[in-house]
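Lettered A, B, C, D and E in written order, each chain numbered from 1.
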Amino acid sequence: MKTVLAVLTVVVTLIGIWYLACVPMNIKGVLDAAERAGEQVTPATARERRDASALGLVAQNSFAIPRVWSVERPRLPAPHQVATELWDTTVMKKITSKRSLIYHAQVTLSATLMGFAIGTGLGILLAVGIVHSRVMDMSVMPWAIVSQTIPIIALAPMIIVVLYSIGVQGLLPKAIIAAYLSFFPVVVGMVKGLRSPDHMQLDLMKTYFASQGQVFWKLRLPSSMPYLFASLKIGIAASLVGAIVGELPTGAVAGLGARLLAGSYYGQTVQIWSALFAAAILAAALVALLGLLEQVLLGRMGVKP
Amino acid sequence: MNMQMTSRVDSAMDRAPDAAVIEARDLNLVFGTGETSVHALKDINLTINKGEFVSFIGPSGCGKTTFLRCVASLETPTGGSLTVNGMTPEDARKQRAYGYVFQAAGLYPWRTIAKNIKLPLEIMGYSKAEQDKRVAEVLELVELSGFGGKFPWQLSGGMQQRASIARALAFDADLLLMDEPFGALDEIVRDHLNEQLLKLWARTDKTIGFVTHSIPEAVYLSTKIVVMSPRPGRIHEVIDSTLPKERPLDIRDSPEFIEIAHRVREGLRAGHAHD
Amino acid sequence: MTLVFLALLVWIAGWWINARLANGPKANTRAVGLLVPAIFGLTILIVWELLVRGLEVPLVILPAPSLIAERFASSLPILWADFSQTILKGALGGYVIGCGAAFLTAILVDRSDFLRRGLLPVGNFVAALPIVGTAPILVMWFGFDWQSKAAVVVVMVFFPMLVNTVAGLRETDQMQRDLMRTYAASYWQSLFKLRLPAALPFVFNGLKISTTLALIGAIVAEFFGSPTVGMGFRISTSVGQLALDMVWAEIVVAALAGSLFYGLMALLEKTLTFWHPSQRG
Amino acid sequence: ADEVKLQLKWVTQAQFAGYYVALDKGFYEEEDLDVTILPGGPDIAPTQVIAGGGADVTVEWMPAALAAREKGLPLVNIAQPFKSSGMMLTCWKDTGISEPADLADRTLGVWFFGNEFPFMSWMGKLGISTEGKGPEGVEVLKQGFNVDPLLQRQADCISTMTYNEYWQVIDAGVTPEELLTFKYEDQGVATLEDGLYVLEDNLSDEAFVDKMERFVRASMKGWKYAESNPDEAAEIVLDNDASGAQTETHQKRMMREIAKLTSGSNGALDVADYERTVETLLTGGSDPVITKTPEGAWTHAITDAALN
Amino acid sequence: MNMQMTSRVDSAMDRAPDAAVIEARDLNLVFGTGETSVHALKDINLTINKGEFVSFIGPSGCGKTTFLRCVASLETPTGGSLTVNGMTPEDARKQRAYGYVFQAAGLYPWRTIAKNIKLPLEIMGYSKAEQDKRVAEVLELVELSGFGGKFPWQLSGGMQQRASIARALAFDADLLLMDEPFGALDEIVRDHLNEQLLKLWARTDKTIGFVTHSIPEAVYLSTKIVVMSPRPGRIHEVIDSTLPKERPLDIRDSPEFIEIAHRVREGLRAGHAHD
């Protein structure tokens, strides 16, 4: 309850700041339009206004302030503009429509989930290998870290094209980029988790003369669960970023990334922002879903609530 | 699981056949090499016979845990010989010759008490029915019947510790190795568990190796008290208890008890280098 | 085909040597710790070279390492200019500003329970935002030069750093805090003497995560507009010109810079948090 | 039916109406072709896609194609539906620019990713350096996907296409009188845009050549249909746009502008245009796009067979 | 820091002026509300006079720690009155009236031992020279001279615990509150520290509140033993020690000692509900 109140306060404050920020951000565009419409603005020409400070312009042209929140192509759209766009493109459109954000979100979601599945599977396998094989541990782990310093996002177009050329199209290329971004947190978390049993717990298994498999299934895997979920949450957010980035190079085909790009291409800032928010909401929902799954699973495993 | 004689009997000629469960001859263990090496066990000679209750006491770092771990083949000695049931500790471990109780209960938090006790049984391949039977039995034994479905955190520390003892008792090992099992408990609970442990020992005729920091506990429980001293870890003195097998709690106020406790304390103090 | 076969052979040989080293008696020495991954990396390079040659992969799809190395060596001035534009100005600038701002915010937020309750969920929501999507917006706001790249980096690193630092400042245990209370210590005393040192491992966690984010942010933002210098600029124009060797040379620069940056942070962490159990092995 | 994969240079829009019309009206089907149109995007290099075997034929600008050819990727122009270039530089009039020479010491937005070649040639011809601001040089920005740099006045001029970006500037509320445009066509530095290119090796394969003949024939039919029915063509394009971002007004207007560029071509490459393009590229300043006259970069074989 | 009388003396009228250091009247503390609430302290009445050594003993959860924390103003009682040096615990805390020793040493791992001991001195604004002098003094007192430059993890548990006691002694507080300070140590080290603590107490005339689980420890150290019982936490019995102030270690084998220990044990058992 207290938390809800606090969050609300912060959100309201942020929205307030946002509305305020619209004023200096959008004033130049508003004044340009006013000038074209023949109104008196100071300074009179766009050239002069280019080098003037935004706050100065606001002070000199206070009549224009109310208009900054309803510009059609704003530098910074007002919150209600974004909200309206979100509403219009989700609730008000058939979800099969290409103009429906839900349609695009679902395209992105499928790539995200596929990539997440691949990345998580690979990450867990790699972690199992690393925990059980010293060679893997010593040789693969440093390179896994280096791999993350490669800006895969910059390579996304090439990956798409290369996969394209061997006939892989559609979901999979995006999913591969998503997987690349999500596998690393899973490896790190899972290695940590599989190594989390303490000496005593491992020794106990040794006194039972348990096989490696038994140690894995009965000890390492259950104790890795909290770590796994923590990294899954990071992984799925990363996976979503990967899917969106994977949608950029193929241009305006479909998906939230495509919406983002198309919005950017046509200077539709409101569309960019609503795509961004849709993505964030999607990410938050996915993370929350994982959190729920975690609670249920860990609850079943008897972890103290 | 009965004692099995292997070809290694020669190394244990001076013990009464089929009585010695643990036999250490000039046992040495050095951790690490070079400057930072620690001589954890030095020239340990000790025979523990079937049915004995042997306590190990000594200041921190004197090698009590290390010795128990050697017996359990969790640590490998660097010199001398050690046999368990007449075989190498490793073979004994593979035959699941002992149950081990750690200082902390170390129950797996994601398993219920019953499932925790089942753990060794699952690993050793007992049948489902047998598993259930044994769990019920040992839960009864440690007075935890009815708590099988609870998770560890729902139990008090003392109950958890009892569950961990039950876990070590669930399968057929004649040897029980316990490393400060009651170290974390308060005195009253501890007294109670001591009493129960003694009863259990009397009833089952197991051999018990028991590490403790508490002099009264050692005296109250043991037939033999091994006083150790540190740096390097070695046996300072072995004190045989003259107390009867039947021991009510208030035996601790008896002069005989106090006399033994005094001897142990003197032994400890003599072997102790303050840090 | 023989080259492909050779590649397989090299792979097996590399693995065999590593297996010997990793399970050998000197496995825990520093030298072996460096040697094993080095051999692994080298094996991959050789296999890559052999496969590209053996399977005659077109240059425009995947160039061989030798070509990349050649291009790297012959384009040092360009690579340096791009490096300094993107990494030194964009990434590093944004990193310092973003992490610094997040750190100060975290201290402020930590002071008020109300703020922390309110801001953290919002922070987590924003952290889930695909920040790269803000790149076109920020380029529009901050212009084409490195400032907009730094802005993207600031936004990218801010929340991971904030969340980590706030978590770190909470990290002290009850007893440590109670101790400060028994001394009737002031807010600042307990901040500087207790909470900040205790938070350091978390702060470094945030700093380390942020290194890679900073590189990615700075490079990707250049796709949305840049001057005619920079790693992202070079990568995208080179792809357009089918100069894939140049693309890979830039990637090598990125990986080197990223590893170095990360390593530097890890080293700093080791020296400053030497007392933390995770650093004591 | 024979499969053909066509890689576009850019996203689905009226710029490629001819192909979508041919697909939609069944012109390809009539030629017994099963055509897949692959939309491009800001970071898709069509040359790279075709090199990797991801497409049989691609829409590309000639400078990029010739540059790729010199890089060792033998692309051949088999048809040229676009007669003239739609590229131009759009400037704010109030910056005081009135002729190309005024461009010196300005900030200009330019498309890269293989599209920078015509600009570089032009500057080379004007003797303006692209290395940085100065009396003899310009500051070049890598322009992103949109016209914001002009609207936000981050650049004095930006690259636009007659059929696309220019209208986005207008849509943003700018009046044509505020703007000044330099068409590459008018500056004598026009290069050929939107030709159809295939890999040279494939041309020795008769079945492939036959397939391309039918493809070009159907495509040109589509183009001519689009030219005469611009609104319907725009609708078809809209139907094929998966992003749902294109608007009807914009596409219809774009189609009209595109028709102006394609109307002069029957599909066959005009050798004079080709030679002008090559010449422009060869004289491209200090760092010319191509260094030697290309050989065999085009063929009439297919259009000859297709259009007769 | 000497006792300071404030205006709140009225609330402590029935005690001998300037003798009562801690005075609890009908003290109550309930954690939480509703169904899950825990009555941690119920109707506690207790007076501790200057110079006393008072031990608190009782089963886990009986409120020993909670009581000490109330005195230290780390917890706020929900009923009754409590004064420390005649003022509210909060005022006493702000006047740095006491040193507190926790169960675990709780040294800051990023500070050396010397710097850890300096911590309260820095906070209380002692001069550099004074800090160094005091650190040297208390290190000497707990026999850790020479270890000032070491980091906590480089020391054994016993040494860490001694360092934490040194930390509490470094500044001038006449009241020392110790919550199971030796709980984690082995018996020998514990004996030794007990001896030293007694000496220190005799020398400095501090008032000490001491929580322990160990009956011998309580009997050996205290002038007064408070036996508590749980659920709700209350005082079961207060046993005054008849042992002399001078107590060699082997006083523990004396009949008088055993008699007191026996009374404490009986008290404990009576108040204890087995779990």
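Heads up, the rule we're going with is that a residue touches a chain if its C-beta (ideal position, glycine included) is under 8 Å from a C-beta of that chain, and two chains touch if they have at least 3 such contacts.
All values derive from a computational prediction rather than experimental measurement.
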{"item": "Touching both subunit D and subunit E (chains)", "value": "C"}
{"item": "Chain pair that, of all pairs, has the most C-beta pairs in contact", "value": "A-C"}
{"item": "Farthest chain relative to subunit B (centres taken as mean CA coordinates)", "value": "D"}
{"item": "Whole-Å gap between the CA centroids of subunit A and subunit B", "value": "55"}
{"item": "Chain centre separation (subunit C, subunit D; CA means) in Å", "value": "38"}
{"item": "Averaged-CA centre spacing for the pair subunit C and subunit B, given as whole angstrom", "value": "50"}
{"item": "Whole-Å separation of chain centres (CA-atom averages), subunit A against subunit C", "value": "18"}
{"item": "Where subunit A touches two or more other chains, by residue", "value": "75, 157-158, 162, 165, 248, 264"}
{"item": "Set of subunit C residues in contact with two or more other chains", "value": "61, 136, 140, 223-224, 236, 239"}
{"item": "Multi-chain contact residues (two or more partners), subunit B", "value": "none"}
{"item": "Chain pairs that touch, as defined at the top of this document", "value": "A-B, A-C, A-D, B-E, C-D, C-E"}
{"item": "Residues of subunit B that touch subunit E when the two form their complex", "value": "59-61, 156-159, 186-189, 192, 213-215, 253, 258, 262, 268-269, 272, 274-275"}
{"item": "Residues on subunit E engaged by subunit C in the complex (per definition of touch)", "value": "69, 72-74, 93-96, 98-100, 102, 104, 106, 108-110, 119-120, 122-124, 151, 153"}
{"item": "Subunit B partner contacts - residues on subunit A that touch it in the complex", "value": "200-201, 203-210, 214, 218-219, 222-223, 225, 301-304"}
{"item": "Subunit D residues touching subunit A - in the complex, by the definition given at the top", "value": "10-12, 38-45, 48-49, 51-54, 92, 94-95, 144-148, 151-153, 168, 172-173, 175, 178, 241-246, 250"}
{"item": "Touching residues on subunit D, where the partner in the complex is subunit C", "value": "42-43, 45, 47-48, 51-52, 64, 67-68, 71-73, 112-116, 130, 139-146, 148-149, 152, 154"}
